[in-house]
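Quick one: this structure, given as structure tokens, is what I'll be asking you about.
By letter and in written order, the chains are A, B, C, D, E and F; residue numbering begins at 1 in each of them.
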């Protein structure tokens, strides 16, 4: 692939991005039709953070973090750095100095399909990161990759400027053009759950609340008092 | 398999279940003869919880949480919901609304050989869960499974009504009929360790406390000052 | 292999070991030339600990913790117990009683390429451990191994007496003979980063700070405003 | 667990077992209602074998093959040896000498949730085996387990005497009491597929053959000529 | 996501596709700039096949093969069926009847990020398949997905009509618009290797053939007769 | 680490190496005391090969095969190339051109803790390789490593010149200084098995042949006709 840095990125609407952050990954993922989720091996390096930002994307070589330094310059406030690697890798491509630099530019966090190090420092700085691994393994700065090209990160397609939401449940990608629509759908979904939560908390069954009984019966579900045969 | 919901469950004695909770997974597992442990990939979604409950079991299809809604109705106070899946799966089959519903019924927690989502909410609610994965991946409600049949969950056989103990060390299953006996054995074991702990803390060696030296010598263990050859 | 316990161990200089602990795994790993790192599957059983100690090594059989009891006697204050296993295993080979015993001798922690249990107790005791797994699975005491022989633990070669540093980023091994030199190199590296951190925090780019632009250009990196083709 | 060898086993009907072997794993698994399948990590050590036999079960310790020697005596012609292990393990618990011994007794193969070695010899002997791993790792003979107790092997519950079918698609367990019924169901299923295969081979679509179009339409499937938006 | 079947697909030039098949995955992957490779867990279900075809893509739910039946109708001679799943899954979504149907339409093979069954039959039919797993696990036909939308399959982005090349080395995706160009580049690369192969076979060193010595020396490579210290 | 190529290697005695090849991995591993085995994820890229050679070792960076080209020059007839990588990697670091070059020098095969490509060509050439993965992923030539230093490859310590034996059971390392002794021990072991094999084939039980019954009884093994309780 021709190594390239793309400078102009059409970013998702910032109001929509902030709304998505407040709603969280699971609600957003449902609202947009169960799309865009990264693989569940992507985990936060410390618990409790919930952020959304516009993606600056990196395609890097395994064990080589040169392009992350290049990408910093393309980041602005409200962005989230999203790093894909050309082959499975868990090396510590990102640490406290890069985080300091991103933090200075107002970047909200990191999503990387590889490893992170200096996790204690990152936690103290309050800089959130989602990664495949935590590893101290040092990396080289030898081979070019690209910045702000479409990448497949942890199984999800990410275009530069997409809204990326991350919390303790994982990471979801919302295409920039759909961010406002998805934020609205997610808010509607969240609002609809308030009443449900209240009724469930009061002891009403989901079977009744969601009207599931007819479909279960139609599908053939049978209730018995005891299994005759111990190995059904 | 014929989809079925079994209503009558012979539950383990509740006093025994509570005693098991106080003792914890490792002690219970040892006391019952090193049986019944689920695979170590089953991890708590937040640290520090220690519970025991009587199993209501679910056999679900991968990516389909319909039967969890069915199972809620079969749960009562003191139960623990145990979900097995017919094939390896990590989707987010369980979240905050199901937890709200279980919580309203006095259910003590969830053990699921698949994924959980809304982990921040579950932590805030104090609802504990042990799972193979954390994932926001939404699931369908299309295919029947069964409730309260024997299941294999994370490598362990679970019958409805069995006592299930879970803490930071993992999850162990105690057959309902053995719960009282195992609780007594575990209490005896725990009591026996108090004196040992005191002696070890005072610097006595396990080699002496457990009388291991003769068996080690008989097995051929040799003490030397130095290895002659650096590659033994 | 002939089962053997080696009594005399040439330990790394204790001042150097303490200096290494203060610097942390990632800095030490870089300072010694990116060597000696254990695989990233080695994770702390509770977050936040950072220790260094001199290695007492164990080579154990899978599912058999007999030699850990033997090893305790060879430990002294400032040591770290490092356990390798002859085949992949995740059983709970180490728990609270062994930790009590090690703690009484001034041992600083455990590194084990297998499983640990009683993690809540260990956390409360403040006894740190890095392991491949957490598991309540009980082990036997049947087959000999060795103590204080060179071992391969989680992919790293460890000689008895080596300095082993462990924190949230992982575990790194420094040969005893190099401990003082590596501590000095690491201190120099850490000192050098203070100024860099300040400049990065002030918004200076790593591209400029590290002078990367000429090498990137020479390697052929191209900047464009937009990708003409959406699939680069 | 109390170590025990159970001598009397109620074996599945041998005619049914032979019929199951002829039908193969996938057909049998479907015919019995998609139950009883072992995890897909169980693979044949050489391709092309298809066998069925009545289970003699072993519960062994990781890295310890003592009970396999005990189990041989309990085997008779037409049996299949099924080995479960109390914790995940991949050691070479079974090799050419054990195979020679089983072969002499008319045993049809091995299913083991651990490792096998001497695979070249086993292939030359025509002795089939399904395992989690191939490994030369030697094992000890130190700790008891049990023979002919119910075991969970690779996620499936196996009772002694159950019919176990294995081929290139994996391993499936048929409860002894259901073997004849399942063999009949599987034969009916296989017979029903002959006509379908002929029609599909002639170019008829499954959509028409199975009458799927109305259900797809009812579920909301839409056919379009082109996607307007390249990111659906 | 809105379930949709797209009928019109702009397929890669068939002459280019056939040329790519002859060149094989590794050569094509290098020629196009080391892009487009699926993860190495994608393995052929039987060795020796080498094919290329134009992609008909499917996005299916885990454990649900309904959309594969829908996709068959969209396939024509020279195509390759490429199946992505919305979450990690290894069930046996594809078997001999679907293969019969595809074969009747001139489809050249299957690439599926899930499981395949009836592997013996598929081998006998000469129908090649690349998959993440082999599994007899039966699937349902309950939930819609899509056909001929862009999908991420085993980490690679695939658009309908792309040229997909598969052999014993894995699977690579060539965008339809680049198929002819990549085939030419790959042919040039293959031609260039004939002379190199001859010279290497004659004993010439790659160090000399590729002129690597100056760059190695410049990078600081040192030749010594012996290591003074046994632990470098 | 200082990148270095060591030219003088003390190779294991060639007669011993050839004897080891004839005996195979499992026998050699047992004869030397169950040491030196690589992890079982190391698999042959094609079945049936059995070789032994003297190790030329490489320590390479992930995704960078520069040092393999350097290592070729250090190889001579009877060697086996052993490649370790500084972090987990599965890229296709080795293919047909490197194999051609090694073959021309009389090298007997490759053992690599990473990926191999061109497997069809390597099979046709009869060049055997054991690897962690098969992958077409191209690699760079940017960063130095070392040749003929001690390495940890797939969990085993390998010194240059050690005898390395590889077959369908895996890969085992015999220290150069022990090669002759181990070959003799392995031959004795193999000879001893001939009589055992004959007696087992004649139906004698291992229980009797190895005299296991007294130890089993002493350990507490109990024989019963039936389990009273179905859940032992």
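One rule holds in what follows: a residue touches a chain if its C-beta (ideal position, glycine included) is under 8 Å from a C-beta of that chain, and two chains touch if they have at least 3 such contacts.
Just so it is clear, the model here is predicted, and its values are computed rather than measured.
At the interface between subunit B and subunit D, two copies of one sequence, more than half of the residue numbers in use are shared by both copies. Rotation relating subunit C to subunit D, from a C-alpha superposition: 180°, rounded in steps of 5. Interface comparison, D-E versus A-F: the higher number of contacting C-beta pairs is recorded for D-E.
Once the centre of each chain is set as its mean CA position, subunit E and subunit F turn out to be 30 Å apart.
Rounded to whole angstrom, the centroid-to-centroid distance between subunit B and subunit E, based on C-alpha atoms, equals 41 Å. Under the contact definition stated at the top, the residues of subunit B that touch 2 or more other chains are 1-2, 34, 86, 88, 90, 135, 137, 143, 150, 157, 230-231. Subunit B contributes residues 61-64, 86-91, 135, 137, 140, 142-143, 230 to its touches with subunit E in the complex. Against subunit C, in their complex, subunit B makes its touches with residues 24-26, 29-30, 34, 37, 40, 43, 47-48, 50, 167-170, 172, 193, 196-197, 200-203, 205-207, 210, 212, 216, 219-227, 230-232.
Note for the complex: subunit F touches subunit E at residues 1-8, 46, 66, 69-70, 72-73, 90, 92, 95-98, 100-101, 103-105, 115, 117-120, 133-138, 141, 143-144, 146, 149-150. On the side of subunit A, the complex with subunit E involves touching residues 1-2, 33-35, 39, 86, 88, 150, 152, 155-157.
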